[in-house]
Each structure stands twice: as structure tokens, then as C-alpha cells.
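Listed below are the structures to be examined.
Both complexes shown next keep chain A, but they swap its partner, so chain B is in the first and chain C is in the second.
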Partner chain A sequence: MFSFQTIVENLPTLLGAARYTLLISVLGCAQGLILGALLCAAALSKRTALRRAAGLYVSFFRGVPLLIQLLVAYYLLPVVGINVPPLAAAVLTVGLCAAAYLSEVLRGSINAIPKGQAEAALAIGMSPGDLWVRVLLPQALKIGLPAIVNELILLVKASSLVTVVGIVEITRMSQSIASSTYRYLEIYLAAAFLYLAINLVIAAAGRLLERRLTV
Partner chain B sequence: MLEMLHRYGPDLLTGFGLTLLTWVLGTVGGLVLGFFLEMARRFGPRFWIGWPIRAYVEFIRGTPFLVQLFVLYYGGPLIGLRLDALPAGVLGLSLYGAAYFTEILRAGFDAVPKGQIEAARAIGLPGRTIVWRIMLPVMMVSALPALVNFAIILTKETVILSMITVPEIMFQTQTMMSETFAFVLPILILALFFWGFVEVISRFGRRLERRFTHYLLEES
Partner chain C sequence: MSLEPTATSPASAHLRAVNKFYGDFQALKDITLDIPPGKVTCLIGPSGSGKSTLLRCINFLEEYDSGEVRIDDRLIGYETPGGKRMSGRRLREMRCDIGMVFQQFNLWPHMTALQNVAEGLERVRGLKRAEATARAREALAKVGLADKEANHPSRLSGGQQQRVAIARAIAMQPRIMLFDEPTSALDPELVGEVLAVMKQLAAEGMTMVVVTHEMGFAAHVADRVVFMERGELVAAGAPREIFQHPTDQRLASFLQGYRERNSLDF
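Here is the complex of A and B:
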């Protein structure tokens, strides 16, 4: 029989584990946005070497499964002498991967900004740095908002993969609860709805922001 | 190193094979199911079909694939759905893909100019012909990049099947790692395999795109 009691009993533990899911998502997202903006600048720069490097980065991080990237960070880095604690490895990898996707979103949005704006900004003597921070990026964030929210939702779900480096977030916690109570269906469904709740909040926040910004 | 390749080579090859197989079956299953869902939503009653499909899409898109697989594989037996790892994995991939594909198809069909459908109806084409001969080819132009994109995402979701013991490439390399304690080679093999795999699909996708948009390029 379906037992709601199991869910109610274990909900506090799952919510505790949700803190890690949120932590990894928030830090990964912040890192992804900052690094993504830099990557996007590199991808649009006049220097061929920079463009090539950005292209290679994006192709690698979008082409290799996150699960494998996590294993690389966690198992390969110690081999070359860099010891990273699990949480740092997880946040770093998730952020690096998000940066690749976000840089592409930003690139698309920046291409949608009329060229005249950049030319005008340079003509009145803005430095390239100012041009990016004050003219291009704010508009790119606004234009790309739906796609960025999409990426954030993917990020929250991707955080379930950090179980492989031993971080006890929602999925890992539900695994261990399920295997000790034998209530697989209930626990995993509870975990699923927890993720759903987080993502619905993000989606709603995104829609709200979209309305605010387009007015 | 060569010795290791010699010893684990066959396992790795079957792993590659299974990864390809699960990807192909999952993508095709997802596309077919997604297409049917979209058709049901577009032409079926809004309340009885439209809303359940919307809830399904929201559920699948809002929860991690790993958790969905666990619900299906470990939770399934509790409601009498007893599947082996491989069928459960392929079914999970298809169900997951269908939710995304159906949304992509919806956007694509919405982008077909209304006038073309009205014209087709006016000259008396039956509904099925309109879908196959008018809507699908036109829709492919706008939807193909997104479809290919998602097919690529699915290649990377196949590694998650290793978590429910499907012996695909990830599972094989993990076995290799835990038996030999060698991490560099297995992970490198994995990373290179997927990189190549994804490159091939995206090249193929670009070629398909050119095929479908050929008539657009000729005019300009």
C-alpha cells in the first residue's frame, strides 16, 4: 500500500538535504553566469585565438555528460596533485558546465542587440569594459531571460548527479532512506515533488521578472 | 595500459553498443510518443487530454531524470510494473524525451502559417494529408535545430542508466575503475567517446537542417 506516513516522517530529513541541492544550484548558477559572460565576450572577440578557445570550451562542456565531468574533477584532479573536497568539486563542475550553456544563451541575446548601440557607445568614448557591463550585458540578460531561467531549472536537476562524488543532497538522501525503509515509490515520488516545487518557484520567479523587465 | 585495454576492450565495446542502442531506442520512442501526445493535444478534447498532457510535461520537466528512473525502476514493482533494467531504462528515456519533444513539436506546429493550413483545407485535402504533407515539412524548418539539440541532450542522459545497473559504457568504465583503481584512462575514454558521439550527431543534424531548408536558401 502507498504509505503517506513514510513520506511525512522522512520529509524533514529530505528538506535538510534540499539545502545542499539549493546551495549547489545557487553557487553553480552564480559561477556559471559570471564565467558565461566572460566566455561570451571571448567568443565574440576579434582575436581568433580567444574565439577558438571559447569554442573548444563550449564544445567540450556541452559534449561530455556532466556525470563524467564530475568524475573527472573528483578522481582525475587528485591524480595530478590537486585535492578538491567533494562539495567544491561539485560546485565547480556544475558551474563550469553551466557557464558553457549560459555563454551560448548570452551570445545569442547579444547578437540580437542592434549593432548601432555598441558602435554608438564606442563612438562617445566608452571603454570596452563599460560597453559590456553597462550596455550589452544588461540587455542580453533581459532578452535571454526565458532561456536563462530554463538553464537554471536544468541546473537544479543536474545537481542530482553530484551524488556520485558523495554529497548527500535530495537524491542521495532519498536513496538511503528508500533502501532502509524499503519504501522506494513513496520516497522517490516525494523527492520528485520536492524538485518540482523548487523548479515551479524558479519558473514563477522568472515569469514575474520577465513582466517587470519588459514593462 | 595496453594490457588493460586488451582485458576490458570487449566489455567497453559492448558498453558502447548498449549506449548507442539505448540512445536510438530512447530517441525514437520519445519522438513517436511525443508526436502522438502533440497530435492528441492539438486535435483532442482540451479538458480530458490537454490538461493531463500539460501536467505530464510539467512533471517530467520539473524533476531530475535520475529520480524519474528510480521511481520507474524501484517504485514500479510496487504498482505491479516489473521491468528489467534495460527495458526500464529505455522506457524511462522515451517517457522523458517525449515530454520535451512534444513541447518542441507544439512550438513548431504553432509556427506554421495559418494561411497554408486554410488553403490546404480549402482545396479539400484530408486532415492526415495536411499534417503529413503541409504541416510537418514546414514545421521541420523551425523545429529541427531544437529537435537535434534535444537528441544530443539525450545521449548524455543515457549514462544515468548506469545508476539502475544497465551495463552501458558508464557502467563498464565504472567497473573497470573499481577493479583496477585506474581512473585516468577509463575517464578519458568516456570523455572522448561522448565528445566524438555528440560531434557526429551535431554534424548530421546540420546536414539534415540544410536538407530541410534547402528551398529557403535557393531563393535568397
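Here is the complex of A and C:
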């Protein structure tokens, strides 16, 4: 017999765990955007050393599975004398990884902006910093919005990997509830709908933002 | 950074033996040219002859490889002729005084007309928001677009966009203005409104360097016309000398080609 009762009873616990899912994916994405913007600036820089460094960074963080990155961070940080709580380590690692993808999204978006816009900014004497913050990034974020929303949704799902560093988010919590109640189907379905709900909200918010940014 | 203009007197520009290469290709060959203050200098010549390259060397959007480019007596781009690049800060300071208008307008599409004009006043000249806005409104009024300040570029005609771009440049109170084919991207019926604004600027005594295919404008508004071909400065003189009595063979055939294209349309 399918038991709705079990779902209703355990929903608050699952929702509590969803906080971690959200925290890690949203903070990770935010950090990824900030770091990704810097990486993108490096990748588009005239200085060869900066371009190389950005290229290496992207290759590494895109080329190594997030799971391994999390494990490395978890075991490496204490060794080098950095003691951060697992949650901080998880957000940091997810953010570092997201930055690699988001820097490429931003780079593609910036390449889509006609060159003349940067020239117009330079011609009135604008500094490179203002050029980025006032002219290029606002447009890159808009052009890249669908891809950025994609990335955030991928992060929500990938956040289940942080269980390896001991954080109990939706997936880990549902496993634990399922094995204590023996109601596997109900609990995993509840988890599935929880992820789905989160991602539907993110997608809707993304579309709303996209409409508001269209002039 | 506060770069309040100290003087608004028109500037002169001076090019001395300027050379510019793209790889092996020489786009500018030993160009020497004086742009007098408060006058209109038109650059004409076939496509690919180096007009844009020359214009863009004047505000160092294009780096010249040798020679000197000066605004009044200040060298732009390098600390000494053939020396080290000048600092970004000093280059920006010099660029504040040099307005530029592009063929493709190059407005920032995520900002309104007013924001496009106020941006440089705030960020570069360092004016307070209220003052930048007030000055931007004045500049928009001057190009006849006071009622369009809230429009984004996508909601403006090509002619209006170009006039906003001119307002963006003049709001900075430049001492010299560079125009790179400002009407070439416009539908024919919109050319007039942009040329009218440029004529007004010329009448106010702005130093203007205008790359153009509008021979009518060059003949009637320019004080001096410069003809370029294949990276070389071939002829320069008063409009009457250039258009009525061309002595150079290449100039004569360029003008003949132009007249044939433009009179046999119907």
C-alpha cells in the first residue's frame, strides 16, 4: 500500500534538508558567477599569462568530477591547516567548479556583444573596470541568462554529491528516512518532487527575469 | 577620478610620419597631417584606404607603430615618440577631450538614451548623479531629442540613435571630435538630421575630423579635405581645390567614379 501518511509525516524533515540543497546550490552559483566573471576577464585579457591561467583553471575544474573535487577539498584543506566547516568547504568547492562553467558562459556572451560598444566606452575615457561592470557584464548576464539558469539547475541536482563530506541534504536525508521507515518508494518520490519543485521555481524565476531584462 | 574639463577651447591635432601595420600589411604609410583647431577636416577616399585607421590613431583606439600623434602639443599613446606606452590613466585623461562618433552608433543597448549620455559624465568626469543627468539632458536637447531620453536605443530610429551618440560625445565637452562615416549606416532619409547636428557643431567652432562619403557635406561644410588611397595621404586642400581642380590623377578618378555612381542612379 502506498502511504501518503509517511510522506506527510516526513515532509518537514525533508524540507529542512532542502535548505542545504538550496544553500549550496544558490551560494555556489553566486560564488561561481563572481569568480567566473573574474576568470572570464582573465580569459579575454591581452596578457598571455592570465589567459593561460584561466585556461588551466577551466580545464581542471571542468575535467575532474565534482565528487572527487569535494573529497579532495575535504581531505586536503585540514592537511594544509585550513579548518573550515564541511558546509563552507562544500559551498566553496561547488562555487569553484561552477565558476569554470560560468566563466565560459560569460565569455561566450561577451563575445556576442558588438566590439564597438567597448570602443565607445574606451573612447570617452572609461576605465577597464567600469567598462566591465557598467557595459559588458550587465549585457553578458542577460545574454547568458538561460545558460546561467541551466547551470543553477544542474547545481541543485549536483548538490546531492556533498553528502560525501557529511552534509545531509535532500538525497541523503531521504535515504536515511527510507531506510528507517522502509517506505522507499514514497520517500524517494517525495524527494523527486521536491527537486522538481525547486527547479521549476528557478526556471520560472529565470524566465521572469529574462522578460524584465528585455527592452 | 575627476576630470572636469579645464578649457573648452578647440584643440588641434598633429600627425607626423605615422605608420601602422597589420602584420605585414601597411595600413598607414608615413602620414603627416595637421588638423587645425576649430575647423572641419574631411577625410575621403576609397574603402580600405586607411581612413578609419587614421582617425582611430588620433584617440589611440588603434596603436600606431611609429611616428607621432599629438593633441595640441601632447603626444598620445606613448610617453615619448617611439618610447614606452603611456599609462592607462593618462590615456583616459586625454581621451576625455576627444569625442568619437562611430558608423554603427555603438550605443549601449541596456541603457536609456539619457543613461547613455550621463554614463561618461558620472563615471569618467566624476560628476554627481544629479549634475550628470542635468548635463546629459542639455546635450540631448541640443541634438533635438529631449523627448526621447527614456527610450532605449532599440526604440529609436537610426538617425535618432546617431544623434544620441553625438550627444554622448559632446556632453563630455570634448575639444576635438572624430566622426567615422557617421551617416553610412543610415537610411537616406535620416542622413539629413545627423548632418544638421554636425553642421551646428561646426558652426560653434568645434574641431572636427570627419571620415565621410557625403561629398556634399565635404564640399560645403569642410574647411579642408584630405584624400587618402592605399594608406597614403594623396592630396589635401580646400574643398574647391579638391573637388573642382583635382591635380592628382588618383583623386580625379576617385571623384569621377563617385560622380558616375551618384548621377546615373536613375
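What we mean here is this: the second predicted complex is superposed on the first by the 214 of 215 C-alpha atoms of A that agree within 3 Å, B and C clash if a C-alpha of one lies under 4 Å from a C-alpha of the other, contacts with A are read in each partner's own complex, and residues count from 1 in each chain.
As a working rule, a contact is a pair of C-beta atoms (placed from the backbone, for glycine too) under 8 Å apart; a residue touches a chain by one contact, two chains touch by 3 or more.
Keep in mind it's a predicted model, so treat the numbers as computed, not measured.
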Superposed model, chain A: greater residue contact from chain B or chain C: B
Which of chain B and chain C A:Ala120 touches, first, second, both or neither: second
Partner chain in contact with A:Lys142 - chain B first, chain C second, else both or neither: second
First, second, both or neither for A:Arg134, with chain B first and chain C second: second
Contacts of A:Arg19 with chain B and chain C, given as first, second, both or neither: neither
Which of chain B and chain C A:Arg52 touches, first, second, both or neither: neither
Which of chain B and chain C A:Arg207 touches, first, second, both or neither: neither
Touching both chain B and chain C, residues of chain A: none
List of chain A residues in touch with chain C within their complex: 114, 116-117, 119-128, 130, 134-135, 138-139, 142, 213, 215
Chain A residues within the chain B interface of the complex: 2, 59-60, 62-68, 71-72, 75-76, 79, 153, 157-161, 163, 171, 174-175, 178, 184-186, 188-189, 191-193, 195-196, 199-200
Complex interface listing, chain C residues touching chain A: 1, 3, 59, 61, 88, 92-96, 98-100, 102, 104-110, 119-120, 123-124, 152, 154-155, 165, 168-169, 172
Residue numbers on chain B that touch chain A, as the complex places them: 58-59, 61-68, 70-71, 74-76, 78-79, 152, 155-157, 159-160, 170, 177, 183-184, 187, 190-191, 194-195, 198-199
